[in-house]
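Shared chain: chain A. Partners: chain B in the first complex, chain C in the second.
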Partner chain A sequence: MLMTDVLRHVWPKRRGIEHYMLLMGIVIVICLTIMALLAPIIAPYDPIKTYVGKPYTPPCTEHLFGTDRMGRDVFSRILWGARSALAVASLAVVIAAAIGIPLGLLSGYIGGPIDRILSLIMDSIYAFPSLIMALAVAAALNPGGATSITSAMINTSLAISVVYIPSYFRVVRATVLSVRENLYVKAAQALGADVLTILTKYVAPNSLAPAIPIISMNFADAILTASGLSFLGVGLPPYFPDWGVDLATGWRDLPNGAWWMSFFPGLMIFLATLAFMMIGDALNELLNPRRGMK
Partner chain B sequence: MRPLVEVEDLKKYFPVERSFIERILSRKRRYVKAVDGITFAIRRGEVFALAGESGCGKTTTAYLIVRLLEPTSGRIVFNGRDITHEPERSLRRWYRRRVQIIFQDPYASLNPRMKVGEAIAHPLEIHGIAEGKEKKEMVLDMLRKVGLTPPELFYNKYPHELSGGQRQRVAIARALILRPELVVADEPTSALDVSIRSQILKLLLELKKELNLTYLYITHDLATAYYIADRIAVMYLGKIVELGSVEDVLENPLHPYTKALLSAIPIPDPRMSRTRRRVKIPGEPPNPINPPTGCRFHPRCPWATKLCAVEEPELREVSPGHYVACHMLK
Partner chain C sequence: MAGLREYIIVRLILTPAMVLILLTVVFLILRVLPGDPVRASVGPKVPEEYVQKIRHELGLDKPLYQQYIDYIVGLLHGDFGKSLITRRSFKEELLSRFAASLELALCSMLVAIPLGLSLGYLGATRRGSSLDHISRLLGVASYSIPVFWLGVILQLIFGIWLGIFPVTGGAPPSIKFRVPRITGMVMLDSLLSGDIEAFLITVKHMVLPSLTLGFVISGVINKVTRNAMLEVLSEDYVIAAKARGIPDFRIKIKYGLRNALIPILTIAGLQFALLMGGAVLTESTFSYSGLGTYMRDAVLSRDYTVVQAAVTLYAIIVAFVNLVVDIIYALLDPRIRY
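Right, the complex of A and B next:
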């Protein structure tokens, strides 16, 4: 019953621009997901294999997005790259939310010295420039390069997630501060519920809505940061099909006129970021409780 | 027989937040004296009303007795056991089952994300009383008892689908499913439409009979208190000024404040209303951070003398079971 209410709220008869932003964002994300899932079937060439075509071939019918300096097919690499982009970004967001949200709940509800200490830690992470922070964590996790692709992806996700934990923490904590003053929380205490029950059954369900737009915005930012880390050489290894890696290796050939090697990865990063940003912005607008008053 | 609840010289002071500059200048911490030394007892099986204006400390007293707040000093004895400073852990084990509270605002006291059935069943889960089919049966039975019929229909509704009166019935069901001995009702009708109020009051009285309950009924409305209560205590600025049976206190009020409150009740008949003698009190209740010296009521009292400004009157028995705190009644 509540689900249909939410649906009616998000997709009503009278729609504004944010409803179409949401739709467009979701469509792009679905396309990206299909790309990532079907990459092994659609991709015309092996993305890692070198010299499948003549190096520096501009876009043509055989190589839709051209080939790079080692003769690898850019189109195939783009398709496979969707996998690592989505995997790294979602893992980073999941880790950040899984740590930030519970800590925010606890800190906001319990208060006192625990709250002070946690807030201090989170604020100091937040105050640090995010890319430099992620860079430092990635460098610490990957001394001298990761041993395998999987561990490189996990380490990159971890490095990114550290940067996002404070945003979940702060938003959830702030909401809890007002939710915990509700009479129904007092009622739960009077019924004899312990702190954990009060948190999970009474406080959390009423405090998590503001974190939803952050999830999608962080997703967008995570793709950018992952690209940035790969670009700087602490993310994924250079042979691996990844938009950030390709952008990083491709831009060096720009002066030779080989624009396709960096343009297409850049375009994909732009599209994915835009899609998640649109979803995030739209949700932020649609889930705002004061919206109805306009 | 020993009373169910004994309250002795109960006090609750809330510290006042100080500004940064005040802290630097290290001025003394100030306190809001919400409840400032009250003594009363609730007998088993009675309805004890606590009446007074907003800000007089009646809700704070209610929260102290259900131990949602910890008293600053004094004693609360429940069934012979001192629970004044009992820690939350041990309260959960026994006290929370035996003492329940119904809040003023049924729009705020129910979790918006919990269905009616879940909300009423939750206390049973917390205390591990019943599970599965038995639990559902108990909830349906309770829904029937509070007049939400057919119970199956209400079981799966969310609070926002119900009216104020229906919500308050859910809150009552949730409080009573644990079969408590004492129910603290904090103005349970004041957020409701006048037409619904008498229904809720009737329901409370019916349930009291059926389940052998004792009520502490908090209200600002003396007419309601007269209807529901056996005994009443009138509070002013954190103190009890008059205490006794409702007949004594409301039909023969002795304290000037009680008289003033009573004469503030509107009478529907204009002729009767004109002829009645009214006790008017000027101004508003003073600031509880810095209450007046002597009798707290003296700046507004029509009878005040010099003594009242200096010495605080004690609560004295003027006739059997009727207590008044006033210098003028000697």
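Right, the complex of A and C next:
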């Protein structure tokens, strides 16, 4: 399927509820991206600076989302939090796709015992609870104890990405199994093209479309898992403006009735996840030809 | 029936293989990645000789393959190894935490199954109505809501503002000591020993965590129920039943739901992994002393043997549930064979 075909398929003249879900998801994602990019400009206060307001100030005009126990502005922290959420999730998705897709291509094309073993390993990881696997990997990588923010973010992304490799592997491998039987692949083989050429020029372009909805779904899951790790205290360091971190801090102050500290970061995680989930769900329905008949 | 027997045998062989693969992956990740677990657990000020002594005591100075073999052989004998921090066996603690987590999982299912079933059923039978939209919306929300945030909101509303339910989950320590340990699940044990008061107190502590986790799981059941019901309701036998003049409600329940139940329950069973993952966050939100919080604490204190053991337990239970679900499915659906 060519990219223009995909586009025509996704946004036709006659539209259903899926199309509007897709649109809404994209709008939210664009807003989040703007938030993340412009955070230094639009944030009214420094997100890390303490005592920019009185501690535990409820939402008011000076502090839209209130302040936390150290007098930091929750609204500014949330704007900055979009950065770490999007950065960690994108990195995790890119790493997972960069490992999962080539492995799936190769495994599906070669077949035989290597394919069997790889599939078994991938299926095992796929069946296992993703958060627990990420937690185990985080135990080894220790992002919370990393020396810099960048390495903490990279380590968190790595811990999450391990879990998503099988999703790409499985879907790409399954498509390759049918694509490799095509005449043009046989022709390339007969002409003596090497495996790398066949995979990159003939197999890959025709096998990657099913991975598109997965990217969006993984993005949603990666935001949830990353904030989950931070909430558990094994993700990003505690002072860093991140929705998961802030939610964990706010949760500790819940008995004081300071609901705004945990409510708004959680709402952001929810919205971001929802947006990517809607895009993935809509793409899944729209790109899946079987659905079209219903 | 030969196909079915073969299928079950292959599945039985693959199940330990799956557990072994997960164990190996986690073992390798924890051992091969940089960083010295023993050094990390005692801190930088402890002299090197002492660290060496601990390493020797725990068998961490042996070559990697020897450690791996020792670990697997130990597991086969039911030995999870020694904690890096306490340097004692922690099997007892691990298993009692595991029982607590299982209790939470079962209680959540008591919320998730009725909620998901009824929402999916209502959505499918009133397709296109506002009820259907609400049910689908709740489904999407349950997929994307952070389980710890939902927990926090419930704690805030029912625990702090209304004061109906306690914000901590699981039986309080006083109850845990009072009730004799039979299964490790306090609710069940208090019933078995006839301690109704302890039972009621524990139930009260289980409501919020179970609602939180149950809602998150209900989305999957909701979606599967809706799809399965829609499929079943368009079957010929349903149309035939309508033609025979059987009342609508009876058709939906007896012909629709009953036949849709098979795929619903099996696919719901496969969501067990989601349940266990969500349980870690739920336990943490409600300070519930289960396997999830145990593993979190082990990760935070860099106690790799405990992390490994927790992953092992999770792997065994996920593999076992998948096995049971696959076999039930194969028994019910003759198309599933190797």
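Some notes on this structure:
Note that in this section the second predicted complex is superposed on the first by the 284 of 294 C-alpha atoms of A that agree within 3 Å, B and C clash if a C-alpha of one lies under 4 Å from a C-alpha of the other, contacts with A are read in each partner's own complex, and residues count from 1 in each chain.
Heads up, the rule we're going with is that a residue touches a chain if its C-beta (ideal position, glycine included) is under 8 Å from a C-beta of that chain, and two chains touch if they have at least 3 such contacts.
None of the values given here were measured: they were computed from a predicted structure.
Superposition of the two structures on chain A leaves chain B and chain C fitting side by side, clash-free. When the two structures are aligned on the shared chain, A:Tyr184 is found in touch with chain B, with no touch to chain C.
Touch criterion not met for A:Leu23: it reaches neither chain B nor chain C. Touch counts on chain A: comparing chain C and chain B, the chain ahead is C.
By the touch criterion defined above, A:Tyr202 reaches chain B but does not reach chain C. Rounded in steps of 10, the angle chain B-chain A-chain C defined by Cα centres in the superposition reads 100°. By the touch criterion defined above, A:Leu274 lies against chain C but remains apart from chain B after alignment on the C-alpha atoms of chain A.
With the two structures overlaid on their shared chain A, chain B and chain C come no closer than 6 Å at the level of C-alpha atoms.
Chain A has no residue lying at the interface with chain B in one structure and with chain C in the other. Only residues 120-121, 123-125, 127-133, 135-142, 144, 162, 220, 224, 227-228, 231-234, 247, 250-251, 254-255, 257, 259, 262-263, 266-267, 269-270, 273-274, 277-278, 281 of chain A touch chain C when the two sit together in their complex. Here chain B touches chain A in the complex through residues 66, 68, 91-92, 96-97, 100-101, 103, 105, 108-114, 122-123, 126-127, 156, 158, 171, 174, 178, going by the rule given at the top.
Here chain C touches chain A in the complex through residues 14, 17-18, 21-22, 25-26, 29-30, 33, 35, 40, 140-141, 143-149, 152-153, 155-156, 160, 167, 273-274, 276-278, 280-281, 284-285, 295-296, 298-300, 302, 304, 307, 310-311, 314-315, 318-319, 322, going by the rule given at the top. Within the complex formed with chain B, the chain A residues making contact are 1-2, 182-184, 186-194, 197, 201-202, 205-206.
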